[in-house]
Amino acid sequence: MSDTAPDRFGLPGTPIFDGETSRRGLRMNKLFMSLRTAENRERFLADEAAYCQGFGLTPEQQQAVLDRDWQAMIDLGGSIFYVYKLAMMDGRSMQYLGGVFTGMGEEDFLAAMRAGGRRDG
Amino acid sequence: MADVIWGLATSHVPSIGAAMDRGKTEDPNWKALFDGYAPARAWLAEHRPDVAIVVYNDHANGIDLDFVPTFGLGTAEQYEVADEGFGRRPVPDVVGHPELALHLVESLVDEEFDLTVFQELHVDHGFTVPLSVWTPDPGDAWPCPVIPLLVNVIQYPQPTAARCYALGQALGRAIRSYPEDLTVGVLGTGGMSHQLAGARAGFINPEFDARWMEQIQTDPAALAALSREELIRQAGAEGIELIMWLVMRGALDDEITKVHSDYFVPASNTAAGIALFDNRGSQPG
Amino acid sequence: MADVIWGLATSHVPSIGAAMDRGKTEDPNWKALFDGYAPARAWLAEHRPDVAIVVYNDHANGIDLDFVPTFGLGTAEQYEVADEGFGRRPVPDVVGHPELALHLVESLVDEEFDLTVFQELHVDHGFTVPLSVWTPDPGDAWPCPVIPLLVNVIQYPQPTAARCYALGQALGRAIRSYPEDLTVGVLGTGGMSHQLAGARAGFINPEFDARWMEQIQTDPAALAALSREELIRQAGAEGIELIMWLVMRGALDDEITKVHSDYFVPASNTAAGIALFDNRGSQPG
Amino acid sequence: MSDTAPDRFGLPGTPIFDGETSRRGLRMNKLFMSLRTAENRERFLADEAAYCQGFGLTPEQQQAVLDRDWQAMIDLGGSIFYVYKLAMMDGRSMQYLGGVFTGMGEEDFLAAMRAGGRRDG
């Protein structure tokens, strides 16, 4: 877990999208949701920083979006269902994201899933 | 009097819909999943209800985070299929059943369930994938009118498992108190174990899923006793959406007959399950 | 631990706000109403809480009929004052209290209240008029942060009076379980008897209002036992919004001290009431 | 009560805005809510019939709006809080509407309110 999301639930490695997280990520998640339309995707791609500023992202959130730092987006309040809209736009799959979050890389992550999924410990 | 004739529990992973929409159901990665659906689909095709209720959650398509209802119920005449970003699924829009839906709202609010009533709603894969699991080739229309019942499973605090089960029980009473003779199918969607983000992404728990699959029929009260934290620990951060199966289960009788069930890993990053229950008591099939 | 130090019940008729905004409080049609507010305002000015909770309903300004939540709770940092059609009221925007609000959400959902959580909400006269009744001259800011608690009183079926009272009781428990030391004021708004449409428009029931004013202090359970239909019969189609007073009342102790109350007819088409209760037990004022 | 709103509640002279009524009036109530902005009020006033059609009103609802038939708007699914947005635009008060609904006229209605309000039978 990151500094900004202390693990009050005792569930390590498991981001919980609670009210405080949702509050922190609201503007950024709204941006992600806006990417459902082709028109907004074009506007975003034409000037990503300006688009982020239009949605009122914090500097850290904007940097995470520009860098496609998926883990940082989650830490800064992104909901995976919303973050995924940006990944989809980039042509990235949920398995690609799984590879990023676990540090395994997409191929190994996919292989682990096909082998029955990952287990605790 | 309306009667619940069956309950169907099923995952609603978007890639299941995508595999169907792109004709990949015979693909080696998918064939076993769709083969596992076949017996349920065959039985369902023989037992078309007058109305269906789909218990599901939205995924940033029909609603956003400006307002998050714990429970929502749709009373509209029609629900448009949402465009989730790259064109809507090539499936029919959904015809609602306002009369039954309004009856359910009155009964459930009287029973102290604090519903949010929707008259306008776009439905996403959480809703249409279960319809596709049930009816792979709907043609121009789904087999019957459908009522959406939304559950917040995305933003903590989700309703407790116990509250979901209680909602299902009240839903069953509400259906049975409808003055017209109608047959009803109830779909509980989501799950099974999975986690999409965090260092534990990709987590799957087949032992827990097997327990859930068994007890959803035989001992739903035991599942309803699980806390949010325990559900997330056992089923993964997104696996908590299994609580929606409990709404379906609550609407059925104590004694139900399993028609078919199956389990498959992975559908995307998810363990996919299906379980179909006949709720017609001692009646012959 | 947070504590409810007072409860204020008040009508939220838009014309009360308009009379203030247009400097008509000394007008003969209005003077008696505002004179009746004076003792409550003076006491409230001496007893500023750290946070207030306003139980209210929206009137086609912040939300529409696409979705109607039975109960909504705002967790935002700020709430803009709605433009209801001809410019917003010249009063400050509302600063929220997300920390307490999020605590309330978790407590109330755990207690099986199926809230809709709002992170974005424009507040209308139903919300700002009670703040003006409390604080006629807020200057740049209201006296403290405020949390909105929305109740559906417009679209039948409204929550029952009993459910509103139970919500208030759970709200009281939730406030008292907050880890920080905070003082809290709770406002229940709406009423008193009135009906806006139909052949019975203009209906006022001073006997019922007198009973309500008395029993809201001494026997709220008796009021909580009234059915929707009985409330509408006795208080008029729109007078049913008195159920919001029961949410406030539930959050207070069984024994409360009346600081002041007053009753006035008509504010527009409405019987207007105010009742202020000290909830600090045996503590000195 | 009108034909379209049978009095299932046993409350004569008292419109109840229930789910069925809300469903019937949804498009019309949306129109009323849209009149909160000056721009929409101008568009409405420029061509009321076209504006009604844009919102998908039934012919009866459109006629009621064009005729300012306030009782018909309620009968056809209008919520008083929404109908009032149209009345405000016309410079009409809630007392004026009370005069219409009761058949008393505004002046008598206002006098009755100032005398303490109306009572049942």
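We just call them A, B, C and D in the order they show up, numbering each chain from 1.
Note that in this section a residue touches a chain if its C-beta (ideal position, glycine included) is under 8 Å from a C-beta of that chain, and two chains touch if they have at least 3 such contacts.
Model, not experiment: these values are computed from the prediction.
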Between A-B and B-D, the pair joined by more C-beta contacts: A-B
Whole-Å gap separating chain B and chain D, where each centre is the average of the chain's CA atoms: 40
Separation of chain C from chain D, taking each centre as the mean of its C-alpha atoms, in whole Å: 26
Mean-CA-position distance for chain C and chain B (Å): 38
Numbers and ranges of chain C residues touching at least 2 other chains: 65, 68, 105-106, 117, 119-120, 155, 157
Numbers and ranges of chain D residues touching at least 2 other chains: 18-19, 22, 26
Pairwise touch network: line, ring, star, complete, or other: other
Chains that touch, pairwise: A-B, A-C, B-C, B-D, C-D
Residues of chain B touching chain D in the complex: 75-77, 98, 102, 105-106, 117, 119-120
In the complex, chain C residues that touch chain B: 65-72, 105-106, 109-110, 112-121, 155, 157-160, 162-163, 166
Residue numbers on chain B that touch chain A, as the complex places them: 29, 59-61, 64-65, 68, 83-86, 154-157, 193, 195-206, 229, 232-233, 236-238, 265-266, 268-269, 271
Contact footprint of chain C on chain D as seen in their complex: 1, 9-19, 22, 26, 29-30, 32-33, 35-37, 74, 79-85, 88-89, 93-95, 97-98, 101-103, 109, 112-114, 116-120
In the complex with chain B, residue positions of chain D that touch it: 18-20, 22-23, 26
